[in-house]
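For clarity, chains are labelled A, B, C, D, E and F in written order, and residue numbers in each chain start from 1.
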């Protein structure tokens, strides 16, 4: 089972930022992401109960290389207003690599 | 028109199922009940209400013809622009709020609450008062107008202040290109697109065409509204906890501003020739504050504004006030001034 | 009243759409179909059913006046307290279940199933039998009563046994302060708060007030119930797999206890002056076991009890039994004893 | 039957609310609106539509008796088997698609779209044309048939080719045991089980039995369909972006195949004795392509097939085509050939 | 991009424990959390299919310091009945630290 | 607080694979899992927007030993067609171990 080392970057932020964040990570070189709904959250910006759209959060998972992770975080820091509720953390994971399906099959 | 005094009208209103379901929602929150309306249901009910309002309004416009309603439409546009501008100055210079907060709150009051509109319709119909059916078209106009004006206000005010201080604020420049997304968000947000879309569908299909949907979009409306008000009570109830934190000025604003706006709305409505019911409805639209379209749009466009201010004011104070007292008040006023 | 024999009544019941949709749900589970009713829809249907039952009951109480129904209400309280106590002793001393398991199961049978109630209403109405409309108020009383009594039983029994054994069990003491959360959970749980709230709203608004909601909460009721029964079948079907694991005693209990409780309910109903339909409904409430409010409350308050026991008994056995056979049985009994 | 020319029929169709809500959904996608119908709501609407169609069809079969409809049923089976076989050869040898892609797409066109069926019913009823009520039973037959034939085609074709090439492909052998899961998936998938189940329930309960559910499953149908079409528009709209990528052949196929299949369906319907409305409906079923049951089944059974092909063809092209033009076309054809 | 090391603590447990757990972690010193719905689960307490409320689970994510993580786990062990279905695990992550928005902005 | 080292294996794949994957991990020796819904995803197989069933994804979390993790990944590689959209990664975690409830309690 060939495994590759990579960074799993997790970003939790406001629902209204979803289009912006998708565009941002793609621009910074991500090759894929997974988005999950957050039921509710609590942090420096208070309770986000998830009832109104402006109160909802989502979570984005990104398997990326170390440089891409750094670029994404830097771009978040640079381009997003500090008032947005945003939490991001990363750690190393081993990723399964599959032999891709032969084209035309 | 069975009611005669203001107190009668308020009492009649408060014993109807919709306000009572709203109260139940608030009570459940205060009792820390686990009761929760799932997100999907909430969105479903919203779609239903907006589509129903739009369809009906569109078919009615077709009946009377667009030419017959240009006066109220112009009035409506003016209202939608003036209310946020007035609100902005009150908040900024009397309330000492920041530019961002003032503009964001102002945008909420310039926009409109479709649910308040729906409850007002039911209130009038329970009194056998029939407002002009095409009025729901105005909802579709007022909703984005208020939001866009609010955001423009923030932009202009920041520009002006920057010039006065002789600074060149990079972040403002950066966001010059944001006007397009703002308009886009305001016009293609869930609320606007469904309301506008259903309006056009109602117009194209006409009364005969939409008749087949009446058992769904017509007959069920009042019952569905009860469930929706329950959910609104749950959401508004959670905001009540923050009311004290927003300060006395904003509380006063959230009660007085709807009364002022509502009165202006009623008067304007009467003068452009609307019936007593129609003037009431224009008052209700003017007085109501958005809590669906506006908060999301403001969060995107004016992130510096504190959401607690605009949500608590519009959802925790103005919405309950209008449901409980505002609607009968604007009706009473309309009857007083324009009633035969 | 077109049916005459018990078999007729059962046959009539089993060809109605609601029990058939329930059977479809069970069948789908047995066939390992992927069919799934989304959570949000399930909660939405539950809210709808409870609000509809409550509104109707509240408006009916207002018609007859509260004073006219004190006798059945007292009877109802007694039933709600006696059934879990009797169940507890049967399970503890005949079934040899642990204190926790006995009390938790007992609480389920003391409480009541709103869906069984709704299906019974439709069964009677299809036979042109009209029970007293205010009976749904009893649902609101019985639901929390059974749960609270069940939890109290567990507390008292643990205290008594601890004294007998001369031990001082820290964990029981620790939980002395749990009576408040228990009452809170029982009274503000989704089921209770909607049922009680809608009852009060129905009472305040009266028949005239709730008339506008009738197309939604009234006319659609039977159709919505079909979808709900489908979902119930899916959930109950999954419990069937565990029936064998709970043992012969609990299976017998889950069939015999509703028959006994139902018979007592019918007799009590008749003696306090209810009509044949009303006595049937009181029998149905006594016989039915909760599966919404009780499991969550028991999980919080008596975590030592095995959920598999109470869920399988109430949802996997008693619920289907009542839907298929119990309801016509209690009706047949009521007619036999009190029918003119 | 008020319409006379094909253009009249198309015009009449395009001003009805259902196609217009579909257009609104597509427009919202093109405008990149955030509008989204929650998953739970979508599933709920699907369950509702299928249950309503099934109940009605079952009760109607009981009215006319099963013996009266064996001819159309046999015709229906033949159609359901021949359409995917013909489609397969066209795609494989004219379109040069791979075995897997050809079989997967073919299965979609052999199966059927319940929503297209529903919209066609409303179209006819708005013209006061009444098709045989039992026709919805055919939906339940055609839906799984097409899917199963499509998957069998892939298996057989792979076997044949493997023999021709003298290879022994392990992966094909591995999946010999997949025929059971395929049949299982096709028959117990959400669509089939609800449709078949509701059909049987309608049959058992009969018109009298299901009458109590009419306000829900009958009266609301057209209104609910509007919301569903909005969601369909959102989903189909997202497919439009991929239309260019699938190539000219598949685009042509997705428009011509429904016309051919629809014409055959209409002719077969008329020859086995269906009314003009009934022949139209059989044409609609033949012409429509599945997008609920088939994609999931194909993904499981023929993972080698590119989902973009079958989804874009059936959902992005054929579905809109049938909604806008196909339905009035098949009706016009049926009237032309079999109308009195 | 300044990053700080912290512990990501994940707790999966029964829906009915949500209020209890929220109160517990706050009491033990957590400064934020994120809650996600669990669709279904399987473990020592059998299948949790998520249909009835008593059958549903949720997941709580907590970025905490090592001592807070330890205190939360110890308090779970001490105060929650062992009959509750509960799974908890932790690992180290690097957390993005943002310059907070200046007050009044 | 006794903690045990284990592997947290995360698998993100197509909704239609849910029964297959559940059966697979059980067969390979997993003792439990947690399933979460994925709202949407993007990767080598394009956008999975989550609207149609064939377009939906889910995420499975597995706390397993290193050998079980390897066997699961190998079996995925061996038995699942390469055309399925599937992402899997793993890393080490510390798992809370509870004293189980005494039987009969």
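FYI, contacts are C-beta pairs under 8 Å (C-beta built on N, C-alpha and C of every residue); 3 or more make two chains touch, one makes a residue touch a chain.
Only a predicted model underlies this, so the values are computations on that prediction, with no experimental measurement involved.
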Chain A to chain C, fewest steps along touching chains: 2
Reference chain A; chain at largest CA-centroid distance: C
Farthest-lying chain, centroid of Cα atoms versus that of chain B: F
Gap in Å, rounded to a whole number, between the CA centres of chain E and chain D: 46
Chain C and chain E: spacing of chain centres that average the CA atoms, whole Å: 35
Between chain B and chain E, centroid-to-centroid distance (C-alpha), Å: 39
Chain A: positions in contact with at least two other chains: 36-37, 81, 83, 91, 101, 105
Contacts with 2+ other chains: residues of chain B: 38-41, 44, 215, 220, 304
Parts of chain F lying in touch with chain E, wherever the complex brings them together: 1, 3, 6, 8, 22, 31-37, 58, 61, 63, 91-96, 98-101, 105
Residue ranges of chain C in contact with chain B within the complex: 38-41, 43-44, 47-48, 51, 55, 184-185, 188-190, 193-194, 197-198, 200-201, 204-205, 209-210, 212-217, 220
Chain C - residues contacting chain E, complex: 39, 42, 234-235, 238, 291-292, 295-296, 298-300, 303-304, 307-308, 311, 315
Partner chain D, residues of chain C touching it in the complex: 15-17, 20-21, 24, 27-28, 31-41, 44, 122, 126, 215, 219-220, 222-224, 226-227, 230
Touching residues on chain E, where the partner in the complex is chain F: 12, 36-44, 57, 59, 70, 73-74, 76-77, 81-83, 86-91
